[in-house]
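Some structures are shown below for you to check.
Common to both upcoming complexes is chain A, partnered first by chain B, then by chain C.
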Partner chain A sequence: MPHVDLPAIIQAYNDAVFDTDKDQAFQIVDAALAQGLCPEDVVFKVVIPAVEDMMSRITQDPDANLAQHFMTAQIAAEVTEKMLPLFRAPPERIGRAVIGTASGDLHSLGKRIVMGCLKSLMVDVTDLGVNVPAERFVDEAVRLDARVIAISAMMVHTATGEQGSLRVRQLLRERGLEERIRIVVGGAPYRYDPELYRQVGADAWAPDGVSAGKVIADLVRGRPPTP
Partner chain B sequence: MTPLEILAAAVTGAPAPRIPVFCNLLDQGARELGLSQRDYYARGERVAEGQLRMMRRYGYDNVWSLFYVGKEAELLGCREILFNDTGTPNVADFVIRDWDDIPRLEIPPDITAHPAWAETATCLDILRREVGATHPICAYVTASTTLPVLLMGMEKWLELLLSGPAGLRDELLAKCAELTRQELAAYRAAGANVLVYSTPFGSTRFVGHKRFQTFSMPWMKRDLEGVPRAGLVYYCGMTDFNDVIPQVMDELGITVHYLGPGADLAQAKAMIGGRGLTCGVLDDIQLIHWTPRETREQVRRMCQTGMPGGHFLFGTGVMPMAIPEANIRAMLDAAFEFGRYEGPP
Partner chain C sequence: MTATSFVLTVHRDGETLRVSHRPGLSVREILDATPLRVRAACGGSGACGACLVRWQAGPVNPPAMAEYLKLDAGERNAGQRLACQARPRGDAVVVLEHPAPPSPWQSLPADDLAEGPGPRPGWAGPPLGLAVDLGTTHVRLALWDIRLGKRIATRRGANPQGVFGADVLNRLAAARSHPARAEELLTLVRQAILEGLRDILARDVGEVTPMLAEIGRVRLVGNSAMLALLAGRGVAELLEPGNWSRPLACQPEDEAVWRAAWHLPHADLALVPPLAGFVGSDLLADLLAVDMLAAPPGTLLLDVGTNSELALWDGQILWITSVPGGPAFEGTGIRHGMPAESGAIQGVAAAAQGSRLDVIGGGPARGYCGSGLVDAIALLRREGLLKASGRFATAPGAEGYRLDPDQPASALTGADVDLFQRAKAALAAAMVHLLGAAGMHWRDLARLHVCGAFGRTLDPLNAQSLGLLPPLPPGRLSTRPDASLAGCEILLLAEDGESRLAEVAGRARCINLALAPDYDEAFIEHLRLTPWRDGFSAGMGSDYN
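Coming up: the complex of A and B.
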């Protein structure tokens, strides 16, 4: 078996992701497979650590930017989807989350970034779309046995509105589901007011889509979130 | 001095009794007139009346001709806006649903002849007649690099920008730049004298330094070809852009900068100095929950940081409808109180 230089692969892949160069990232993955790296290691030793590396870079690097968030999630999701059919055995899934934008909100970018990260983190995620009524969030979470309802809101009135997270919290309380299902929120208003998530009844929030993936994965596992 | 003269003094550094105080209570105009947002934004005279009433009630210096940001998409065929009486309207109908729509996208040869411009023109006509001689009239024009977000959504635009065919991307941007140039000219001709050039992709927080140089800056130059710089304001949609301020001043010739609320105000002021105008922006989402006392303290700090040496304006960001009236008053009272110059700035 040819020599696999895992540290060099990880470094090259991370650099490609940081440069938002999807083609380069896929070339590195293909070359790694050709060298003999197994698909499982591509996902668990290269892709997932790269998502985590990006989370720390985002908070430390002054040049971290939205394009990187987007491409980190895109590349991670696409590589993971490409690798999964090649696994020797289906990977263990952590659990399920449902995600959508709050009632009245049509901004879908944040949701997509989060979904990309969740796929690579082995969380099953169901996309409920945009402008999702609170009742549908809860109904679908129950139907799919999801542990987390993730609500993205890019505007103040959709983040704080009575038909958004506040209503989801009320429904969970009325139906006795608060211990079983957690609420995670994200979007611009929460970045400007980091205490806002408490006021809308959420259990946790994240400042960006990549970090949100980790927060949601932690809650799906039943752990306290570590953004 | 009139508010218009105070603004001019702030830009040039001439003596003035106080700083300009700008505010944007857009959707609040509908509530003021007792109308739904759909009805309010349907008629230019209603928007003008709403803006005039808000300015007179609170006493700030400017009026806005902006309806909602998605109005620009209507000029290119958007047929549905999602209105909500508690917040900002959204584009609900994307003109570009897939990449094949890009070659078919047509920019009107004269946007002022387009039906979607008519109510904007009516609004501007009233504002110019009522306060044009004394008050700044603001217009909002989206940069070519950001306009695709209104036409196809952020997701599809980032896909095209970051990993799509460059030729198709440039074809779309060339069309958007044409609209941006037309809008800047049309607003100026209609009486707007503060043109807010909204360019979130002109912040490295969106695209990073490398892409700012190779993508954002060239397209911003194209947007502004032949556009007079007087009255032009660089704004990145609540995002910080301190690191590119010197380059924007040198290469784009824009000297008025409307900062993000999280920006290092002292740093920006040091970079802009006497060459232009630093517009400090309050983090007004927090106004929803601050007490009036906290609000007053935040405004005091901003003025203390921004005012020395003059060339400073107090401004607001998104002003959500959920902000209590007491905090709007506390903010503006504080801006007028702490924004006074006792002697030369």
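Coming up: the complex of A and C.
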């Protein structure tokens, strides 16, 4: 077996992600595979720790910017997707979430980052698309046995509107599903008002895609929300 | 910026204002475009004698006939001049002892104004015509003598609906929340337009109330939200994405009621309808102003505002879309961000020690307007202080990085850069998408018009270095700060205005970017602060053909 310098690979990969250099990140992964690193190790020893590393850097560094979030999520999701078919045995999945943007809202980018992080964290996530009616969120969550409904809203009126999270909460209550299915919200308006998630009837929120991955993964596992 | 320009220094009550201007303008014309205006009650003909200034230093033309009539020898010897007659012939200093009361209305810079469509000898209606460009942030007006084809004056003032929020959605949501709110929003703009009109009549015509009856025609262009709020129709529809590809009805239902409310008893008053959801008639007006259908294929027009609109002409089809990329370019959300007003940093240049700020009015900096922000970020990139990812090479701390260490308001934070990246990515990705739809590469662009006030002081090379504009040779770029107003003037005055508008609308194909599958990919790509690459418009667009 050829020599694999794992710490150097991790360092180089993290730097590429931090600098939002996607081409560089892919080159590093290809080089690592060529050196003999197995696909499982690429995901579990390089990619997932990088997401976690970004998470801690972001909490310490309020200046981490959108390009970095995107690239962390995007690169992580793409690498993971490429590696999964190469795994010797399918990895253990944590559980399922459904995600979509609120009714009236067509902004898909926030959802995309969150999905990228969830995928690399081994959460199965079903994308319901944009402009999703509240009924559909609930129906699909039930059909797919999802534990979390994740709702992205980029505009104030779709975050607080009556057809968004508020209506999902009402439906969960009416159908007696509140114990089983949690609501997680996110998007620009929640970042301006950290208490807004309560007003729209959500169980939790996250200010960025990388921490959203963690919040949702915890709820999918059945851990209580940590406000 | 013109090649030669002079600086006029104005003292009043211990305050000093410095304005750079091109040669040939009168002191009144120079000051009309600033908040410090001279008193006036005639159109600058020398008839009212109200516009007194005292000349302190600098070359100037000798007193004109009107000044011999209005000023006695003692006054003339003491250096008194009529501001509308005195034209500086170099850098000059004047004292303004009795300025006009402060007003939110200013004239548009003379350089920005188009010629206009010419006289209309057959016009039989009341003589005056008013063109209005109703923007989210500013309202622009031009009053015309229709028959003579002569522009009497222009004004620019703030849109007072700003108190309900800088972006259109907050205002629409407020209007939807309660009929009283809707009425309030409507009244605010209507009052503002009337106030601007009265300001013109008082200073440039000399009489107000009787003249309102002389206004025979009013044409208004604006973005869809502004028109809906003004007409009191279509507000709820605009908040529903399902309605966006449809034209929006925004004509007032009862014109007689309108004329009465506007105090314009004889005016034929019309709002020019928007093309679709968020593609307003301000963009249509831009397209008329640059005569888009006669332009070479590969002409791209950007109107950068709170909501930015774009149109690309490929010789057959006018590809049109809108993006919410603007607020950052108007200073909104940027820690030290502000509109292009007195105190705004409008440019930043490298200097031996750090950098040199170009502040509007010459005083201490109060913050950045769009063009200053572009310059500052480009400079930080060039000097290696900022990386392509938008990260500072060395974290500047919570206060941000000061481009001029002595000026606190010159500080930029990582969050400011992030916001700029989002806005430029939204805009650049939209350009790339339109090019893809038309099957073009950015190198095929024959011309790029940047409309809106943002373009006036924008340094195109800096914008290109950050990937805000495609890297075309300078000769293919042009700026048209008041194109919307110019287009509205065509609709007000030209006999074929309506038919030209119909032609433009007939060629238009609107794209809703929210439904474009590859838009978000392009958005992410364009977050980086680097010039456009060759591959940027490849591989898209087949869905539209």
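A few remarks follow.
We take it that the second predicted complex is superposed on the first by the 222 of 227 C-alpha atoms of A that agree within 3 Å, B and C clash if a C-alpha of one lies under 4 Å from a C-alpha of the other, contacts with A are read in each partner's own complex, and residues count from 1 in each chain.
The rule is short, and it goes like this: contacts are C-beta pairs under 8 Å (C-beta built on N, C-alpha and C of every residue); 3 or more make two chains touch, one makes a residue touch a chain.
Only a predicted model underlies this, so the values are computations on that prediction, with no experimental measurement involved.
Once the complexes are laid over each other on chain A, chain B and chain C cannot both fit and instead clash.
Contacts of A:His157 after superposition on the shared chain: both chain B and chain C are touched. Contact with both chain B and chain C is seen for A:Thr20 once the two complexes are overlaid on the shared chain.
Once the two complexes are laid over each other on the shared chain, residue contacts for A:Arg136 go to neither chain B nor chain C.
More residues of chain A are touched by B (comparison of chain B with chain C).
In the superposed model, A:Lys82 lies in contact with neither chain B nor chain C. After overlaying the two complexes on the shared chain, residue contacts for A:Gln199 are found with chain B alone; chain C is out of touch.
Touch criterion met: A:Arg112 reaches chain B and chain C at once. With both structures placed on the common chain, the touch criterion links A:Lys45 to neither chain B nor chain C.
Using the contact criterion defined above for the overlaid structures, shared-chain residue A:Pro189 touches chain B, although it does not reach chain C. Remark: of the candidate stretches 44-52, 188-196 or 260-268 in chain C, the one overlapping chain B after superposition on chain A is 188-196. When the two complexes are laid over each other on chain A, chain A has residues 19-20, 62-63, 65-68, 70-71, 74, 104, 106-109, 112, 131, 155-157 in contact with both chain B and chain C.
Residues 82, 84, 86-88, 90-92, 153-155, 158-159, 161-163, 204-211, 238, 243, 261-262, 283, 285-286, 288-289, 318, 320-322 of chain B touch chain A in their complex. Contact residues on chain C toward chain A in their complex (touch as defined above): 169-170, 172-173, 239-241, 387-392, 395, 413-415, 417-418, 421-422, 512, 514-515, 520, 523-524, 527-528. The touching residues of chain A, counted against chain C in their complex, run 18-21, 61-63, 65-68, 70-71, 74, 104, 106-109, 112, 130-131, 155-157.
Within the complex formed with chain B, the chain A residues making contact are 19-20, 22-23, 62-68, 70-71, 74, 104-109, 112, 131, 155-158, 160-161, 188-189, 192-193, 195-196, 199.
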